[in-house]
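Below are two complexes that have subunit A in common, paired first with subunit B and then with subunit C.
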Partner chain A sequence: MSQIQVTTYKTQEGLLHPKDRELLGDAVDLDVLHTLDDPQNADESDLVVELIDLYVADASSKMAAIQKAVRGAEWLLLKRVAHNLEGSSATLGAKQMAVLCRDLQCLDSAPPIERSRTLLSRLEVEFRRVLIAFAAERERRVA
Partner chain B sequence: MLSPATISSRRVLIADDDPVMRRLVSSIVEGEGFTAVAVADGREAFKILQSDSDFRAGIFDMMMPHLQGLDIIRHMRTEKRLMRVPVILITAESDFSLMSNSFTAGATAFLQKPFTTEQLRNVLRILPDRKS
Partner chain C sequence: MRILIAEDDTVSCHLLKATLTKLGHEVVVTHDGLEAWEALQQPDAPSMAILDWMMPLLDGTEICRKVRADALTSHTYIILLSAMGSKANLIEGLEAGADDYLVKPFDRYELKVRLEVGGRIIELQRVLAERVRELEASVVERKRAEEALRNLTLADDLTGLFNRRGFFTLAQQQLKTVRRRNQSSLLIYADMDGLKRINDTYGHSEGSNAICRVADILTETFRDSDIIARLGGDEFAILAADVPPLGNILVTDRLRENLRRYNQTNELGYELSLSIGSISVEPGTPSTIEELVDAADLAMYANKRGKTVSPLGRDQLSGPRADAYVSLVTAH
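Showing the complex of A and B:
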């Protein structure tokens, strides 16, 4: 299983095509993201861009840790990292990502390997969608 | 060491191992006119609190490496100089018993992730004054 490469998922030609945007659907709830905009702060979009950048860097290393934990059957580590990733995902509106992190935390102490791998695959797909959605939102804000 | 009885501090100690949450909380705290002192885990927060009690409040993540939010609160409530510093606990858990344990341990407020800027701002505005 390869480590997630963030750069792969950045949009190459500016904002997403409306069709792609539709495909991404609910990867990131932008309403949630917009609640973090501070009307009292003149640099409101800068904070969200900064949060997106922090999330992408941090979540990428957490995804790698989750992959390693599933491969090595390190369930305590898996639960701790998934818990951590759940919090920041939910805060930035990546709701389905947060749900999948919660599902990983709910695994038994020795879950069937297929179950954990299935959840991991779903999380990897969702993470790609989230990265694309964040890349588009970031571009929109810095444009 | 600064005396808690004579100071109305504008500093807020923030401990969260998640960089996104740390940055977000710091930004909201600073937007309310406080100075954010942000650290990446409970052990760092504990170290600071050993020699510095000049804080208007503490905002701690419940689950952190080395030392968890609840452990810091329990320590603070046994130290006279830290006893009255209000503490907000933040967690992704929605477990009511966890909330109850937090208040029993001495938490002042409990905020569940995800929260909005407005929610944390409101909690900061109603924090009790440590001198009262």
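Showing the complex of A and C:
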């Protein structure tokens, strides 16, 4: 599975600086990730790491699709992809990401172009925060 | 338990599959609504399905409706999974045919107990279906036993006349007696006309009544010593012993008169009619009772066909009392 996006956001030391961690804030609710841990199967492969890898690969392509849909004013496609990304983001605790996806789905059938672009910009920023947070969590788990 | 999941989101699908596998279930994974619907129609389809609401090609509620409308899949236990958690969504999902509703992101322990609820219902359905199969098998077995018992008896349940078994048993004995005494006898095969029309118009209960009325008329027409039987359906046979060769004319005249009288007085809205074939059995005739019945049946059949072509039949059928028509064909 591709790890390109994950390694892109790794710090030189491999782990986040405390200030970066503070900056990331609530990009990912780690409590949600911890609920996915199964203490009875600690020796098995880490499900959360598998899910993070899947999310990073899948969400990157969905982000590209959302960018293309906003640029091409393809509102139906935008709603479908945003709904999909909202589900996986909420599942892994990327709550703000999920909220922005929902906002995109709530756009009218012909929204003001500025409104959609603003939402897209916020989503892109949030996505970067989420990727960094996931990269750090992944590194912590495999260490 | 085998569980089908339909989820187009990779992350949710992987999490769901991993959770169900850890709980000890066998998972069948599908990634869109159409694939899920096709999998549910397979003979070995899972008895439980967890369906995402929003999916390409067919959404979760559309699958619910299809599943409930199809007798083959209608017992599938469905949990609808959706990020939409409002009461309106819940009602819409359950109305579409879902058995349960779970909001994403789902809680693993909530999923576990909801699966246990579904499992109990599926087990109840299985026990119920097994019980129904047992009852159906028992009904078939009972019918078979009743049929076997009927075949062992000599009397016809409906009319009280002899049945086929009774007729052949007694008639065979009777034939031996009349041959030994060097007497002639008369074998009559009678078939009701228009029973199907009576059934179609007045119902099968009235059809059964009509058969009983014919039985009454035959009993009134023939002697106590004659063997009168309903061979099945609307077919009757009579063996009258010690009847001279031309006695058949007297007997059929009596039968015609009794039918006419009955049709004049009844207020049923239809009239009784019989087609008959008769065989005069001379003392030296070597035929078996089965051969004689077959010959009388053929004579009756020719008579019935002749009703629509013979001048007499046409006249009778075109008249207002056409159903009262009784004709006679004598075969030797």
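The rule we apply is simple: the second predicted complex is superposed on the first by the 132 of 143 C-alpha atoms of A that agree within 3 Å, B and C clash if a C-alpha of one lies under 4 Å from a C-alpha of the other, contacts with A are read in each partner's own complex, and residues count from 1 in each chain.
The criterion applied here is as follows: a contact is a pair of C-beta atoms (placed from the backbone, for glycine too) under 8 Å apart; a residue touches a chain by one contact, two chains touch by 3 or more.
Keep in mind that what you see is a predicted model, and the values were worked out from it rather than measured.
Asks: Which of the two partners, first being subunit B and second being subunit C, lies in contact with A:A73: first, second, both, or neither?
Replies: It touches nothing on subunit B or subunit C.
Asks: Looking at A:G87, would you say it contacts subunit B, subunit C, both, or neither? Reply first, second, both or neither.
Replies: After superposing on A, A:G87 lies in contact with both subunit B and subunit C.
Asks: Can A:D58 be said to touch subunit B (first), subunit C (second), both, or neither?
Replies: A:D58 sits against subunit B and subunit C alike.
Asks: Kindly classify A:V32 by the partners it touches after superposition: subunit B alone (first), subunit C alone (second), both, or neither?
Replies: Both subunit B and subunit C are touched by A:V32.
Asks: Quick check for you: in the superposed arrangement, does A:I113 touch first (subunit B), second (subunit C), both or neither?
Replies: A:I113 sits against neither subunit B nor subunit C.
Asks: Look at A:E50 in the shared chain and tell me whether it touches subunit B only, subunit C only, both, or neither; answer first, second, both or neither.
Replies: In the superposition, A:E50 contacts both subunit B and subunit C.
Asks: Where does A:V125 make contact in the superposed view: on subunit B (first), on subunit C (second), on both, or on neither?
Replies: neither
Asks: With the touch criterion stated at the top, can you tell me which subunit A residues are shared between the subunit B interface and the subunit C interface?
Replies: Residues common to the subunit A contacts of subunit C and of subunit B are 32, 35-36, 38, 41, 47, 50-51, 54-55, 57-58, 80, 83-84, 86-88, 90-92, listed in rising order.
Asks: Considering the complex alone, what residue numbers of subunit A touch subunit B?
Replies: 32, 35-38, 40-41, 47, 50-51, 54-55, 57-58, 80, 83-84, 86-88, 90-93
Asks: Within their complex, state which residues of subunit B touch subunit A.
Replies: Per the stated touch rule, the residues are 17-21, 23-24, 27-28, 31, 61, 63, 91-92, 113-118.
Asks: Over in the complex, which subunit C residues touch subunit A? Could you list them?
Replies: Contact set of subunit C toward subunit A: 8-12, 14-15, 18, 22, 52, 54, 56, 83, 104-105, 107-108.
Asks: In their shared complex, at which residues does subunit A touch subunit C?
Replies: Per the touch definition, subunit A meets subunit C at residues 32, 35-36, 38, 41, 47, 50-51, 54-55, 57-58, 80, 83-84, 86-88, 90-92.
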